[in-house]
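Each of the two complexes below includes chain A, the first together with chain B, the second together with chain C.
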Partner chain A sequence: MNQSLIEPAIQPVGDSGLMVRFGAAVDPDIHAQVLEADSAISAAGIEGVTELIPSFAALFVGYDPLQTDFETVSAAVRALGPMKSKERTSGQIWQVPVCYGDGLSPDLAEVAVRTGLSEEEVINAHLSGDYLLYMYGFAPGYAYLGGVPKEIQLPRKTAPVRDIPAGAVMIAGPQALVTTIKMPTGWWIIGQSPFQFLRPGEDNPFPLAVGDRVQFTRMSRDDFERAVGQGAKT
Partner chain B sequence: MSAKFTVSFAGPLVSVQDYGRPGSMRFGVPRSGPMDRTSFAVLRRALEQNEGFAAIEVSIGGMVLKCTEGNVTAGFVGGNFSVSLDGQPQSPWSVFTIRAGSTLTIRPGLEGSWGYLGFCGKINSSEWLGSQATHLASGLCGHPLAAGATIEVSEAKVEAGFTCSLPIPDFARFSGNVRIVPGPQDDCFAPETLGALVSEPYEVTQDYDRMGMRLKGPSLPIAEELSMPSEALVRGAVQVPGHGDPIVLLADHQTTGGYPKISTVITADQDQLTQARARDKVRLASATPAEAVKLARAQHAKVTTYLESIAELRGSFEDRLRRSNLISGVVGDEF
Partner chain C sequence: MSLKIVNPGLSTSIQDLGRPGYFHLGIPMGGAMDRFALRVGNMLVGNPEDAAGLEAVFMGPEIEFQKTAIVSVTGADLPIRVDGQLQEAWTSFEVRAGQTLSFEFLKSGARAYIAISGGIQTPAALGSRSTYPIGALGGVNGRAIQALDELPLGYSSNAIAGKSVAPSMRRGPGSPARLRVLPGLYWHRLTEAAGNGFFEDEWTVALEADRMGYRFKGGRSLEFVDREQPFGAGADPSNIVDGCYSYGSIQVPGGAEPIVLHRDAVSGGGYFTLGAVISADMDLIGQLQPHTSVKFDRVDMAGAMAARHERKNLLMKIREELS
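Right after this comes the complex of A and B.
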């Protein structure tokens, strides 16, 4: 736990938002401050604030320029005091099954070559990670998980690949993600999951909350086919 | 009573849009909604529709529809398109009644990239997270409208009294001048790069859709590599990827990104910018957040005044003359 509390940096974003920055790293302690600020600002009900968007190390605070302005909102945010990196609230833990290999892992061999590991070692490293949901971003339900073990961290591909289907289990640097809709991506696809991070027809289409944890588990091709056939959400 | 339409032709990116789904960016969902929210608001007022109002956003490609059933009062607002009903030219911004068998033709006119076709009634279309706004990239709430599609308007009403021709206000036209608030990552760029951004004109490229608009002009090399993890992106953000061309993010923008944002287009100029066309020149100028807030409020006041004038512009010239006479009392019964 980080005891040295640093006043967050607040920067204007155009005329209808500001960014509250707690650092520049993907780090659980920094992220805990982001979440603390997210709930504190939400609870404070600052007049004119329209939207809060947490990310790895910053919180975006949107406001309506017809109702308030940068000076007023930033003063109200500062008045809430430094954000304590309090004891991590125990987010829910989700088991996310993954089927590796068997034609579902287009980049597994390449990741093995680039990391100097066997495919099996890459899979085991991926399974051993303790993943934290840092933020949603890019596209609906894209949950950015941090916690990929060092030995399989690779920079993203130089050019994105088009039309990656939903359910692709991908890694890039310290980040992991399971796709929810067809999108281009430069990340490495090492498996496929029937787990749905986005459930468009349900009352809560985003079952996982930022701050929740994810453990990947291994599933066989047969179990994968069965789960997909049953329209699995798990 | 409902009215039905068949789409005979639709340009690319023609879609149903409403107010959008604000507040969902924390789940990776952009707000979507109209590219030009000002024109959309004028149309809603002209048709006296409530906040849930949805309309068809017509791109520069235009659109042709045939009314196959029912009668309904409709309006078109935005840009400066050429609009005709059964071959009869209408004013570019106008309200008219479409009857079964009629064909409405919307063609790109002299200026503008987006226009809004709405009805006195409710367009039946997919809904997600409380909004009918089509999110083209995800396909989670419908798809672009293409030839052969049918559009059903339920609770369709004929409101002959809403008929009008509206003047195109200056605030709804692309002006060629767009103001930006520097940052939040302007410190990733050399001072001369920041200078070039506001001193040289940029050109709007063909690389322009509902997600963003790529500009071409002096290249914006990143002086200091960014060691910042991904963070929230907002509409209007001017993001600079490795190619060095600024991209202005718009209605369907991705919600987070890791490229540096050199500046953000001010709220008051976001809508008029969307009406630019490829090869148009844009001059950027800096504003402080406080100045931009003032400009947003001034713009809002101008739009409000315009919205309030719509009622006065309804009806034929004779109708308007009669109304003004009744109010001023100059012309009495003896005339």
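Right after this comes the complex of A and C.
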């Protein structure tokens, strides 16, 4: 057994859930353990468990407190043992086109100033990243990607900006995200994408799965306008 | 069509018991804020407990019935009239085709539930008719009801007028309202004084109180133990590496004012949660108006489970009495 594997910490969350924590950082190996626990707990079919929600470094396990309790569920989770980091071979790779430019990249200049790079260097760094879908959260279809290169990692803005439209390509620290609906955000908006992470009305409104990978590709303004005009999903 | 909306009130939406199972994709469970009131309302009119009804916030709607039905109103105290005639709350009554259901000004509570025999039969989205406007799911085309909307009703054969729930079995918030809290994941990040202050202080419901969450103000600001932020987390001491939130979780952005996440809350984000309101008390939050006084009471897991069973037993008792 890999010596680096440690027993996850299990803590109650209210009276109907518990958190299985594997660490406290954005790290692909920690996340692989989260996903392994997700599938192991799902396969174990623990009585009374109603929901499994993976995030960066922890798995939330929701249960019906009238059917079971914290002691029973945490014992069943512990019995599954430490989670190995599964080889990540199954994740699909998605190409997500991004247009950077006038009116589409409101924070690009500021990110360049704060990182000491040129705008073009910021764009190239963003395009060079290898992104992993760690979790959905915050709002429907908000796919939290990790893997922003170090040279363009910035802390969030101190105050959120309201009414950021869908399709905004944003970064904050090691995280990246493409918005799906109008929401406030404190992240840095560096481009716009016609790619839809949320597709209401389709059989599968969430085409990307946690564990999938994303590569951003550069899109010209003409192609972007055309894609938006055609109601692109890509 | 069976119900014609003459006036929607302030914010009236179609709600059932929600759509569990999509939280990992960022879709909250949603559904009635006061699930107890909707369940009991449905029992009174002979519906399945998860049938869709109307959740009216602060003000009632005005509805013209195009078909005779049995109706009940539970939850907030919003005096009820049928063609001007006063009706009892928590009691089933008949509204005949052509009559109009309307309401007077709110006396107490925040949300009234209108259950109608047969249930509202608008199309379900992801297994529920509950309105979730942010995701444009459920309700009437993904939104709250508007004037001139016409809502279809299902068929019902077992509803009768005059069924009533004894006042001792109706639930509502006291004054000050008391919400039981299980300290949780990041409780240790608060200083001892801040932790004690959270339970000692009297809080009031802020204006930012809706289906996503209830904000509370007036207590001491919550101070944090110094520590180094983990890689990937935001810079504010209340930031964590983004994780999952659960219903009832209490988050404190900036450490100033606690927010209890409710039915339409987002499923995750980068603020830490200091604990959770126990599931048995979540319905009470749905009945709190802004400016209401609130005290948080510390409980342990055994206390939370006992409260949960007490709630289950009360529902069973009402179910037996009404069947």
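One rule holds for everything that comes next: the second predicted complex is superposed on the first by the 229 of 234 C-alpha atoms of A that agree within 3 Å, B and C clash if a C-alpha of one lies under 4 Å from a C-alpha of the other, contacts with A are read in each partner's own complex, and residues count from 1 in each chain.
By definition in this document, contacts are C-beta pairs under 8 Å (C-beta built on N, C-alpha and C of every residue); 3 or more make two chains touch, one makes a residue touch a chain.
These numbers were taken from a predicted model, which means no experiment stands behind them.
Once the two complexes are overlaid through chain A, chain B and chain C clash, as defined at the top of the document.
Contacts of A:D69 after superposition on the shared chain: both chain B and chain C are touched. Contacts of A:F224 after superposition on the shared chain: neither chain B nor chain C is touched.
When the two complexes are overlaid on their common chain A, residue A:I53 makes contact with chain B and with chain C alike.
In the superposition on chain A, contact of A:A172 is made with chain C only, not with chain B. Contacts of A:F216 after superposition: neither chain B nor chain C is touched.
In the superposition on chain A, no contact is made by A:W187 with either chain B or chain C. In the superposition on chain A, no contact is made by A:Y100 with either chain B or chain C. Shared-chain residue A:P155: touches chain C; no touch with chain B.
Chain A residues in contact with chain B (one complex) as well as with chain C (other complex) are 11-17, 19, 24-26, 50-58, 60, 62, 65-66, 69-70, 135-142, 144, 181, 200, 205-206, 210.
The part of chain A that touches chain C in the complex is made up of residues 11-17, 19, 24-26, 50-58, 60, 62, 65-66, 69-70, 135-142, 144, 146, 155-156, 172-175, 181, 186, 200, 205-206, 210. For chain B in complex with chain A, the touching residues are 22-23, 25-29, 128-129, 135, 137-140, 181, 183-184, 227-232, 234, 236-237, 254-257, 261, 264-267, 287, 289-290, 292-293, 295-297, 300.
Chain A meets chain B in the complex at residues 11-17, 19, 24-26, 50-58, 60, 62, 65-66, 69-71, 135-142, 144, 181, 183, 200, 205-206, 210. Within the complex, the chain C residues that touch chain A are 20-21, 23-27, 134-137, 182, 184-185, 230-235, 239-244, 246-249, 266-270, 273, 275-280, 301, 304-305, 308-309, 312.
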